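Take this structure, written in C-alpha cells, and hold onto it; I'll ask about it next.
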Amino acid sequence: MIGIGFVLDILSNIFLIVGLFFVFLGMLGLIRLPDVYNRLHTTTKIGTLGAFGVMLSILLKVGFSAMGLKAITIGLFLLLTAPVAAHMIARAAHRHGVDLCDESIIDEYCDSYDK
Amino acid sequence: MNSFTVIALAIFLPFLSAATVPLAQKILRHRVGWFASAMAFVSFLLIAYVAPVVIHGDTFTGAVSWLPSVGVEFSVYIDGLSLLIGLIASGIGIIIMSYSNGYMSHKEDLSRYYQYLLLFMGSMIGMVFSANTIQLFIFWELTSITSFLLIGYWRHRPLSIYGATKSLVITAAGGLVMFIGFLILHSITGTFDIPTILHDSSMIENIKNHDLFLVTLIFIFIGAAAKSAQGPFYIWLPNAMEAPTPVSAFLHSATMVKAGVFLIARIHPIFSGTEAWFILVSGTGMATMVLAGFLAFRQNDIKGILAFSTISQLAYLVTMYGYTTYHEPGIGVAAATFHLLNHATFKACLFLVAGIVAHEAATRDIRKLGGLRHEMPLTFIVASIGALAMAGIPPLNGFLSKEMFYESSVEMGAALGFPFGIIVPAIAVIGGVLTFAYSIKLIDGIFLGKRKDEFLPHHIHEAPYVMLIPAGLLSVLVILFGLVPSIPVHNIIEPVTSGILLETVHLHVTHWHGFTPAFMMTIITFVLGLLIYTKYDSLASWQDRLNASYPWISVNYYYDAIVNNARTNAYRVSSFVQPGFVKTYINALLILTIVLIMIPMIALSGDLIPQTLSFDINPYEALLMLLMVVAAIAATVLPKYIPAIIALSSLGYMVSLLFIYLKAPDLALTQILVETLTTIIFLLVIVRIPQTFREKLSKANLTRDVFISGLVSVGVFIVLINATQGIVPPFESLSHYFIEKSVSLTGGHNLVNVILVDFRGYDTLGEISVLCLAALGVYNLIHSRGER
Amino acid sequence: MKQYIVYSIPLAILWCFVNGDISIVNFTFGLVMSPVVIKPFKSLYNFEAEVSIRNDIRRIPKQLRYLAVLAIEITKANIMVAKIVLRPRININPGIITVPIRAKTDVGITAIANTISLTPGTLTIDVADDKSVLYVHLIDIHDREEIRASIRDDLEEYVLEALE
Amino acid sequence: MNIAAITDHLPILMVAIPILFSALMMFLRSAPSVQKVINLTVSFGLLILSILLLINVLNNGIVVYEIGEWGKYGIVLVADLLSAGMVLLSSGISFLALLYSMDYMEEESLGSTYHSLFNLLVAGINGTFLTGDIFNLFVFFEILLLSSCGLVVAYGKGGFTKSDHKMEATFKYLVLNMISSFIMLVAIASLYATVGTLNMADMAAKINVMSETGNLPWHIFPAALLFIVVFGNKAAIFPLHYWLPDVHPSAPSPISAMLSGVLIKVGAYGVLRIFFLIFDGTLYMFQPIIIFLALVTIILGSISAVGQNDIKRLLAYSSISQIGYVFLGIGMGTVTTIAASLVYLVNHAVAKSMLFMASGSIIHEAGTRDMRKMGGMVNSAPFLSGMFLIGAMSVAGIPPMGGFIAKFVLFDSGITSKYYIPILIALVFAVFTVFYMIRAWQRIFWGEVRSEKYDEYHSHGLSWKMSVPILVLSVVVVVFGVYAEPLLSIAQSTASQIIDPQAYIDAVLMREIR
Amino acid sequence: MNNVFLSLTIAILFGLGTFLILRKDVIKVIIGLSIISHAVNVLIVSSGVFNGDNAPIINGHVSDSSSNIIFNDVLDNGVLAPVVANTEEVAYVDPLVQALVLTAIVIGFSITAFILILAYRIYEEYGTTDINELKRLWG
Amino acid sequence: MVFSIIPCVYRIIKGPTIPDRVVALDAMTLVIVATLGVYSFIQESVFFMDVALVLSIIAFVGTVTISKYLDEGVVF
Amino acid sequence: MTTLITKTISKASVPLIILFSISLLIAGHNSPGGGFIGGVMFAASLSLLYVVFGLDYIKSVLNPDWGKWFGFGLLLSVLTAFGAIFFGYNFFRSSIKFIHLPFIGEIELVSSTLFDIGVYFVVIGSLLYIFRKVGDDK
C-alpha cells in the first residue's frame, strides 16, 4: 500500500533536494555570471525558488503544525519580496552607474532618468 | 575660668571678631579700626591673665576632644615661649591696629583689612599655644594664608600679586614639608602631642636614634626656615613689603616671621644636642645673617632695608638657637629669646616710622629723602631710638642682646675648637657690622643731610598722633628694656628659656661685664660699621657688577625662572604627554591592558596554555569560523565605507549562524535584528559623510598597529583558553537554579527570556534605560548644533 | 466598519500563520487585534475606498489560475537559468528592454513586475513614471518583440483578470 | 505603603525612583516648570532617602536587598557603608547640581531631555554603587556612560563651549569607554566561566575557597588586573586619564561638577569593591601597580594643571591629580590608608563640584573660559571669589578646609605604613597643587580689571538657584575641615568593612532562597 | 564546539577590531568597535559553564536538572554547597550567558547608534572624518 | 548547505561594485534562511524557524534600505 | 522616490511584520522572542515605510511622538517592577496566575509579560525616535 503519507514524503524529499540544489546553483551563479544584473537573476529566481522549495518540503513533512505554518509563511514572504529586492538593487545599480557587462547588447533604460 | 578656657577664648576671639567686623563697620564706619584694636587688647589681657601660670617655668596643658579617630585633640600648651610670642602677637596687634586708624585711608576696604589682621592675629595666637603638631600646622598655614591675603591687599597691583604668590608658595610649601616632618615624628612616637614628646626623654632618645631622624629634622627645619625667611627661602620677605606698612610691621617683622624661630625653639629639646642641629640651624642662620645684612645695606627703599634687616635679625635668632648643641647650659637660647623680644620692639617701631615717612613724604626711596629732622622732629627721635637699638648702641635693649649674641658665639666657637673658635665669632661680627651700617644708613638717609626739595612735597607735617603714639610707645619699651633689663629678663626671658630648655635657668644681664671678648667685638663692630658705611659706593658698584655678570647667584633668579615659566613648561609637558590624538589614548589603553595581562604571565609563569586541549573540529564549525575570520578581514581591509559595512553585516549574520549552532535562537534573532539596524544607522550616517578622507599608512605605523593588535589577540586568546578550557568549575552554576526553577516559579519555558524578564529583569531595566539614553542623547547631539 | 472586517479576516489568517497555530481561539484573537494594527495606517492603504466583498470573492478562481500559471512559469525559469549557470562556458546576450503594459492599478503593475521577475531570464528593473512601461533586464535576448508579446499574452492577461 | 515599607526598600528606591521619573519626564516636556519642580522634589527626596539608608546601615549593619527575591541567583543590591556613603555623597551633589542647572542650562536643552538624562545619570550612579552583581555593574556602567555623554553635549546658557569641542570630547570619551567596556565583559565572562556565578559575594566566597585550597587558576590574575583598566578608565588614572581634560571642561558646569565630583569616584569605588572583595588573593600583585599608576597620575595631573589657561581645564587636570591621591591611598591598602583615601575622595568630590559650579558662574560672568582674559573679578563677583578661594584651599590642602584633613590622614597613614617615597612624591605635587589652585584664584579675581579688548563683565547677579548650591558645598567643605570627626570615623568603619569583607559575604549569602 | 578554535577565532576578531580602532578614520574606528563587539559576544556565549545539546527552552513541564539540589550555601563549614559533580549532565546549554549576551548586544547597539550619530556630528563640525583633526592644541 | 555561503562571501569581498556586494549579502541571507529551515527540521524545534522568518523579513528591509541609499543617496 | 512596486509590496508586508512582532512579543516567555525582538521587528516595519515612502510622507500620515512611546515603555516596566512593592513583596518579584476561561482554556498571566511589553515600547520608541531625529536632520 502506498499511503498518502508516503507520497507526501517522497514529494517532500524531492522538493528538499531540488530546493537545496537550486540554492547552491543560485550561489554558484553569483560567482559565475558576469555582472550584477545577471547575478540578480540567479539569486532572485534560483535562490528564492530553492528556499521556497525547502520550505514547501518542510510543510509537506510536518503538515500544518507550527513549524509547517512558519515555513510556508517564510516561503511566501520570500516569493513576495525577493523580486522587489532584486528590482530595487538593479534599479539602484543602474542609477548608481554600474554598467552592463560587455556581452550586453542593449540598454533601453539608460535614457529614462536623469543621472 | 581655667587657663585652657582663657587661652581658647584668646584664640577664637579674634576669629569671632573678624566675622563681626563688617557689622562693626556699619556702626563705627571708618573708625572700625578701634574695634579691632579693642579686640586685640582683650586677647592680650586674656593671655596676660594666664601669665602667672608659667612665670616660674611651669607649663600647662589642656585639651578637648576633636578628632579622636586619628588621635588629634584641640589642645593648648602654655609655657614661657608660647606666652611670650602670644603676648607679642596680641600686644603688637593692639599697636598696629591703632596705628592703622591713621595710616589707612578711609576710602580703603577697611572691613577686609581688619578682618585679615584679626584672622592673622588669631592664627598666630593659636599657633603658639598649640599643643600638638597638627593644630600647630593648621594655624601655621592660616598665618601663611592671611599673610598672603594681606600682602595682596591691593590686589590689582602686579607687584602685590607677585609678592603674595611668592610668600604663599614658599611658606605654604615649606609648611607642607614641615608637615611631613611632623607626620614622620608621629610615626616614630605614635603621638601628635608636643608636651608628651618633650617631657618623655626616652621618646626623645628614640627619635634621635631613629633612621629617619635627620630627614625629620631637615623637613621640620625647612618649614621653619621658609617661614622665617632663612637660607634660600629669604626671597619672599622683601617682596612681602608690598603689603600696607602696618602689616609689614606686624606680620613680616614682629610676629609671623618669628613663627619659624618659635618652632625651632619649640623642637629644641627634641633635636638639639646633635651635630646635625648645629650645622643645619646655625649654619643656615649665619649664612643668612651675612647675606641679608649685606643686602639690607644695599637697599634704597626704606621698607627694603627693614625687610632685609628683619631677615638678618631673624638669622641672629636662628643662629643662637642652633648654638646650644654642645654647650650646656648655654646662654644662646636666653640670648636668642631676649633678642627676639627686643627685635619685636625696635623693628616694629622702625616699620611704623617707615609708614609715617611714606605717608607724609609720599616716597620711601632713601635717595629722594633727607633732612626731615626739621619737619618731623618727634618722628626723628623715635626713629633714632629704634635704629640705634638695632645698631646695638648702649644703653638700648639691642645692645644688651647683641652683647649676649657675641658672648654666646665666643662660647660656641670655644666649644668647637680651632678653627671654629675664630670663624664663628668672626661671622657674628660681620653680621653686627652690617647691621650697624644699615641702621646708620636708615637714619642718615631719611632725617639727616640736606632736604631734597625736587623729590619731596612742599610741606611735610609731623605725623598725626594716632600714628606717632604707637611708635613712641615702642621706643619707650626699647629704652625701658635697655635701661632696666631685669624687668624683661626676670619676667619673660627666664621663664621662656626654662620653658624651652625644660630646666630652670637664671640669668644676669648688665651693661658692663668688663673687657670681655664680646666687648672687644662690639668695639670692632662700631669701627668697621662706620668704615663700611663710608665705602658704600664702591661696595655697591662691586655688587652690581657681580649681579650683572652672574645672574644665577641670586635665588630669585631660580624662583622667577621656575614660577614665571611654570605655565609654559608645564604646558609643554602636558602637550607632550597629552597630544590630543584619540589614537594615542587608545594605544595607551591597549598597551596598559597588554602589560596588565603580561604581568601575571611573567610573575606566575605557570602553564600559560592548559595541557588538555582538544583539536577535534567538525567541518561545519571550521568553515563557519573561517568565514567569520574572512568576513572580518574583509571589513578590516576594504577601504570604502559601504563595502566594509556590508562585510561587517555579513560578519554579523555569520555570528548569528554561530549562535544558532550554539543553540541560542534568541541570540541569533537579536543578532540578526541588531545587525540590520546597525547597518541602517550606518547608512543614515554615511549618507551625510562623503568619504573624502583616506588614510595613508606608513610602514612603521602599520607594523606598530599590527604588533599591538597581535598582542591583543594573543592576550585574549591565552586568557580565554584558560578560562574556558583550563579548569572545569568545581562549583554549581547559577544556571542550574534557573533550569530547575524556571517553570515552577515563573511559568516561562524560554530560559533566556525568563532570565531576562524575571531572574535578571533588573539588568533588562538597565538595558532599556540605555536604549532610552541613546535616543535622548541623539536628540541632544542633533540639537547641539552651532555655537550659541 | 465594513472595511475593518474586510481587512481583518486576512490579517487574522496571517496572524495564525505567523503565530504558527491555526485555531479558533487564535483566529478570534487575530480578528480582534487586527483593527488596532490597521487603524494607524488607514490613510496609507487608501482605506476609505469602497470595497466590494462580492467582487473579491468572484475573483478567487482567477487568482488561483494565475497562481498556477505562475508556478509553471517559475519552474521553467529556474530550469533555464540553472542551465545557463551550469554551462561550462557562459555565453549570453543580456540587455535591458522596455515592455509596455496595460495594467493601471498599483497592485496590478506590481503583480506584473514581480511575475516578470520571477519568470525565465527576465528581471524588472523599473517602472516608468507614467506607469506605461516596464524596464526589463533579460539574461539572453534573441528577439525583443517575441519577449514583449509573451509577457503581454501569457502573463499580463492572467494578472489583469485576477487583480483588476 | 507606609514608612516602614519605604525603609525596607531603600536600596532599590534609590535606583528605581529616578528611572521612574526619567520616564515620566518624557511626558512632561511641554511643561518645563512642572518638570523642574518635580525633578527637584525627587532629587531632594532621594537625598533624604540616602540619608535614611546610611543611618539604616550604620544602625543595622549591611543591608541586602534581593531584587525579585531570587537571592544570589537573581540580582542583589547591597548597601554596606561604602555603598551607602557613596550614594549619600552622590545624592547630595546631584541635588545641588540639579538645582544649579535650573538656571544654568539653556531652556531648550533643559526642557527637552535634560531631566530624563539627569535622572538616568542618578539612577546609574546609585545603581553602580549599590549593585552586588558584577554583570549588573557593567549594565549600570553603560547607563553612566551614555547618560553622561548625553549630558556633556547638552547646552548651558551662553554656550562658551563650542559644539565641536563637545563632539570631539564625547567621541574620545565614548571610544575609550567602549573599549574598556569590552575589556570588562571579557573579564566578567572569564570569571563566570571559572566560578559559575555573577554575584560578587558568591564569587568572593568561591574564589576564596580556591585560593585557600591553592587552586586559584592562573587566569584569575589577568582577569582581575583587567579590572584596573575598567575602573581606571572611569576614574581617569594614568594612562587612562586622557579623555578627562577634554570631557569635563566641555560639559555644562553642573555636569562637570557631577563628572568630577561623582563619576570619576565610581572608578575608585569599583576598585575598592572588586579588588578587596573578590580578588583578595591578587592584592599583592595589584597594590604596587596601583601605587605606581597613582603616582604617575598625580605627577602628570599636577604638572598639566599648572600649564592651563582654561579654568575648567585646570580644574579637570586637578581632578586627575587628586584622583591619583585617592588611588594612592587605595594602593597602599591598609585600613588607615583606605580610610584616608575615602576621606580624600569625599572632600575632593565636594570641593571640586563646588569649584566647577563656581567656575560655571565665573565663566558666565566673564564671558570666557580663558583665565588670561579674566582678572580683577573680585569687585564684580565677591561672592564667587570667596567661594572659589574656599574650594581652592581645600583642593590645595590648606587648613582649615576639608582638603587639609584629607591630605593629613592620607599622608599620615602612608607614612605610618612606611610608604615614604610615594608620600614624598605626593608631597612635592601637593605643592604644585597649592601653586596652581591659588594662582588660578589670583588670576581670576586679582589683578587689573581686564582691558577694553574684551567686553565688560556681565554683572547680572547670580540667581539663588546658582548661588545656594555653591554656598552649601562651601559650607560642607569648611565643616569637613573643622569638624571632620564624623567623616573620619565613618571612613574608618567603612575601611574596616572593605578590608575584611566577610560580613559582606555573609550578609549576601546567608539567606533563604525560594 | 571546539573551544580552542573558537577562542582562536575570537582572538583573531579581537585583533582585527583592534587594528581598525587604531585607524584614523572615525567610521573605521566604529567598524572596529563593532567587530570587537561581535568577538566579545561570541566570547561570552562560549564561556558558558556547561554544555548541553538543546536550546535552553524547556519543552515539558518537568525540569531536568537533578532535583534534589537545595540552593543554599552553607558557609559555616567553609563549604559552598551544593557542589555539583562535574559529571552532572544538563540537557540544555547554559542559558545565563545567552541572556547576558542579549543584554550586551542591546547595550552595544545603543552605544553604537549614539557614536555613529556622534561621528556624523563630528564630520559636520570638522568637515573631515580624520581622527587626527580632532585634536585640540591646548594640552 | 553552509558551503553556499562561500560564494556570497567571495562576492562580498570581491565586489567589484557595491550592488554586487548587496546582492551577495541578500543571497547570503537567503542561504541562511534555507539553512535555518533545514536545521529547524533536523533539530525538530520550531524556534529556528522563527529566526528564519525574522531573517527573511529583516533582510528585505535591509536590502531595500541599502538599495535606496545607493539609488538616491538618502535613506529616509 | 522608490517605485510603486516597492511601495505596494511594502504596504503588503508591513501588517505581516507587525503581526509577527506582536506574536514574538507574546510568545517570548516560552519560545524565542520577547520585548526586544518584537520591538525591533515593529520598528523595522516602520523604518521600511520610512525608507520606501520617505520620512516626510509618513510623517504626514502618522507621526506619533516616539519619545512618549519609550517614555511609556520605561514607565510601564518600572511600574510593573514597582507593583510587587505595593503587594508587599520585593521590587521585581514576579507573580504568576493561571486563569481558566471558557473555550480558551488555561491562560497564564505573568507579571513579567507586562514588563516585556514595556521593553517592547521602549525599543520601538527609542529606535524610531533616533531614526526620525536623524532622518529629519538635513
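A, B, C, D, E, F and G label the chains in the order they appear, each numbered from 1.
In this section, a residue touches a chain if its C-beta (ideal position, glycine included) is under 8 Å from a C-beta of that chain, and two chains touch if they have at least 3 such contacts.
Since this is a predicted model, take the numbers as computed values, not measurements.
> Tell me, please, which chain's centre (mean of its C-alpha atoms) is farthest from the centre of chain D?
The chain lying farthest from chain D is C.
> Which chain is most remote from chain E in terms of Cα centres?
For chain E, the chain whose C-alpha mean is farthest off is B.
> So which chain ends up in the middle if you average the CA atoms?
D
> Express in whole angstrom the distance between the two chain centres, defined as the mean CA positions of chain E and chain F.
About 23 Å separates the centre of chain E from that of chain F.
> Between chain A and chain C, what is the separation of their C-alpha centroids in Å?
Roughly 15 Å, centre to centre.
> What is the distance in Å between the mean C-alpha positions of chain D and chain E?
27
> Calculate how many whole Å lie between the centre of chain B and the centre of chain C, each centre taken as the average of the chain's C-alpha atoms.
Distance between chain centres: 86 Å.
> Show the residues in chain F shared as contacts by 2 or more other chains, in ascending order.
Each of 3, 5-6, 8, 18, 22, 24, 45-47, 49-51, 53-54, 57-58, 60-61, 64-66, 68-71, 75-76 in chain F touches at least two other chains.
> At least two partner chains per residue is the criterion; list those residues in chain A.
Where chain A meets two or more other chains at a single residue, that happens at 26, 28, 40, 48, 65-67, 70, 73, 77, 80-82, 84, 87-88, 90-91.
> Where in chain D do residues touch two or more of the other chains?
Within chain D, the residues that touch at least two other chains are 19, 22-23, 67-68, 72-74, 116, 135, 139, 142, 146, 149-150, 163, 167, 171-172, 175, 179, 186, 189-190, 193, 196, 198, 206, 245-246, 304, 307-309.
> In their complex, what parts of chain D are in touch with chain G?
1, 5, 9, 12, 16, 19-20, 22-27, 29, 65-69, 74, 116
> Inside the complex, what are the residues of chain B that reach chain E?
For chain B paired with chain E, touching residues are 571, 574-575, 578-583, 586-587, 590, 613-618, 621-622, 625, 628-629, 632-633, 635-636, 641, 644-645, 648, 651-652, 655, 658-659, 661-667, 670-671, 674, 677-678, 681-682, 684-686, 688-689, 691-693, 695, 705-706, 708-710, 712-714, 716-717, 720-721, 723-725, 728-744, 749-752, 755-756, 760, 763-764, 766-767, 770-771, 773-774, 777-778, 781-782, 784-785.
> So in the complex, which bits of chain D are touching chain B?
19, 22-23, 67-68, 70, 72-75, 106, 108-109, 112-113, 116-117, 120, 123-124, 127, 135-136, 139-140, 142-143, 146-147, 149-151, 153-155, 159, 162-163, 166-167, 171-172, 175-176, 179-180, 183, 186, 189-191, 193-199, 206, 210, 215, 217-219, 221-223, 225-226, 228-229, 232-233, 239-240, 242-243, 245-246, 285, 289, 300, 303-309, 317, 376, 378, 393, 396-400, 404-405, 408-409, 411-412, 415-416, 418, 420, 423-424, 427, 430-431, 434-435, 438-439, 442, 445-449, 484-485, 488-489, 491-492, 514
> Residue numbers of chain G touching chain A in their complex, please.
2-3, 5-6, 9-10, 12-13, 16
> For the complex, give me every residue of chain F touching chain A.
Contact set of chain F toward chain A: 1, 3-8, 10-11, 17-20, 22-24, 26-27, 30-31, 33-34, 37-38, 40-41, 46, 49-50, 52-53, 56-57, 60, 63-64, 66-71.
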